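Take this structure first; my questions come after.
The letters A, B and C name the chains in turn, as written, and every chain counts its residues from 1.
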Amino acid sequence: MENISLFFLIEAIGTIAFASSGAMTAIRKRLDLLGIIILGETTAVGGGMLRDILLGRVPPSLFINPVYVIMAFVTVLILFFIIRFNQQIMTGPYIVAYEKIMNIFDAVGLAAFTVTGIDTAAMAGYGEYHFLSIFLGVLTGVGGGVLRDIMAGQTPYILKKHVYACASLAGAIFYVYLSGALGSNAAMVTGALLVIAIRLLATKYCWDLPKATADEPK
Amino acid sequence: MENISLFFLIEAIGTIAFASSGAMTAIRKRLDLLGIIILGETTAVGGGMLRDILLGRVPPSLFINPVYVIMAFVTVLILFFIIRFNQQIMTGPYIVAYEKIMNIFDAVGLAAFTVTGIDTAAMAGYGEYHFLSIFLGVLTGVGGGVLRDIMAGQTPYILKKHVYACASLAGAIFYVYLSGALGSNAAMVTGALLVIAIRLLATKYCWDLPKATADEPK
Amino acid sequence: MENISLFFLIEAIGTIAFASSGAMTAIRKRLDLLGIIILGETTAVGGGMLRDILLGRVPPSLFINPVYVIMAFVTVLILFFIIRFNQQIMTGPYIVAYEKIMNIFDAVGLAAFTVTGIDTAAMAGYGEYHFLSIFLGVLTGVGGGVLRDIMAGQTPYILKKHVYACASLAGAIFYVYLSGALGSNAAMVTGALLVIAIRLLATKYCWDLPKATADEPK
């Protein structure tokens, strides 16, 4: 029971962070209210939707039990009205503080969604398919952001920067392969903490993966 | 029987309008004949395909009974040859008249596809899931256009303008929630008319939804 | 048995070619190692994944038996390290020779994936649905490249050039409609050879499909 409450809490934090990131992308692109809602929702629940389609869980669970859809909707609306009535907020010191907090929330969300994705694969009977489980964990974590970027017409964030998908991947591999040795719960919590740690350290120290060609090609 | 004929007629109008809009996007992007066919077909049948995937109706019905695929194909070919052999048509007064007619056809199509999407959800046994029904109605209506825009590399139309998805959404909500009170047929027709009315009025009076930030940010 | 080995060989050639094309797109876009892997994998196995989703074969076969995923992964890694430690290779004569070979590999892959797509539809019990079979053949052939281009933010290749999807389409139609007359194996091999022939001739002679408007519109 406590586990469920804790899990719900970290998924809620992730939903709020992802919905905010989609909404901010839309606001920066100067989309209207509906566009802001669509990008916010897509970022928050898109990864889970793609996972469910690949697992054949249709209609995807977000439609059957739309609690996270509603949570994302409320988040987007609050953000919209705060910015609408405080235009200067987008350039002031608040935005810096806001982005620092959201960066932490986003790392928590990435961790929560990654482990949820792996659990969903296990519940659907594919726990033994390690590659599938890991892929679905990462997809649940980063899929919403990829959809957001494709719809907003920008190169998907995960293709470019900040060891984002890598953090999710490391946590997913840890959770899947150490469930046997550590027990499912301990592996899940440690995997999730690993995602958060890698993500925050990568942001702080600007870690980047190597590229194939040198940095100034011209 | 009469209902079926009428329904087929308005779906046909929608298919022609959506196929034309995809083809014109491709022609303006200077794609070749195959690109024009692909974008025309995607716009015309893409929304229904996404709906069927989310409902688990696979292969999607368009592949089992490709009548609308053929209709879109013929539409695109006719448009291609008319423009190919009348190059000046793209700049003359004809294009203005053509776009006015197509705008009305498009509104009819949006209405027809929205209510079809809701009916498909009901036939698949999800009539009681209101959020799912409404979402599938809007997706059937606007999904083809979103795929068209993503493939053509432009920001999806529904994210930007003209109360397009909103018209579909208003009609979908009306149909789903008033089916009980008005009877299914009356709610469907009224919902569809509501889509058309909102869409045409929004175009005529340039309705727009609010944005989060003021209109001249620089 | 010999058939299986041969088939595996040509699918392997296709996987290598498609993975390389995705990786080179990512390298040219200056993405990091993970971005290169993602685009390489998407191009190599994305078409088959879309086909499986449309057929309701979920989870898609690539997750259950990831042999081609691993093959694409190794291809991408080799390419990455070759270019990483031989930066001048990207501008020298090697790249010209490399692209010539890859162009042939790519044609073989397009042929292999097109006929696999049709076989998969037949195995799923949809052999009699000719439109579906042909569509799934073409989708398996070109779908990975479309996903690659959408993720990389460029107009999908098949919408623009070189009779690419057309070659796949011609081979698919040949295979589906002449299976009865020629026998399944003969129709498959001839269909595949037709794809390769059209594709290579189109590249050599710069075949293009007609456009709707004249070539210098300004």
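Everything that follows uses one rule, which is that contacts are C-beta pairs under 8 Å (C-beta built on N, C-alpha and C of every residue); 3 or more make two chains touch, one makes a residue touch a chain.
In this text, all values refer to a predicted model and were calculated from it rather than measured experimentally.
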{"item": "Touch-based graph of the chains, sorted into line, ring, star, complete or other", "value": "complete"}
{"item": "Cα superposition of subunit B on its sequence copy subunit C - rotation in ° rounded to nearest 5", "value": "120"}
{"item": "Distance from subunit C to subunit A - Cα centre to Cα centre, in angstrom", "value": "31"}
{"item": "Set of subunit A residues in contact with two or more other chains", "value": "53, 56, 150, 153"}
{"item": "List of subunit C residues in touch with subunit B within their complex", "value": "53-56, 126, 129, 131-132, 135, 146, 150, 153-156, 158-161, 165-166, 208-214, 217"}
{"item": "Touching residues (chain side subunit A, partner subunit B) in the complex", "value": "26-27, 29-36, 38-39, 53, 56, 58-60, 63-64, 66, 69, 80, 83-84, 87, 90, 150-153"}
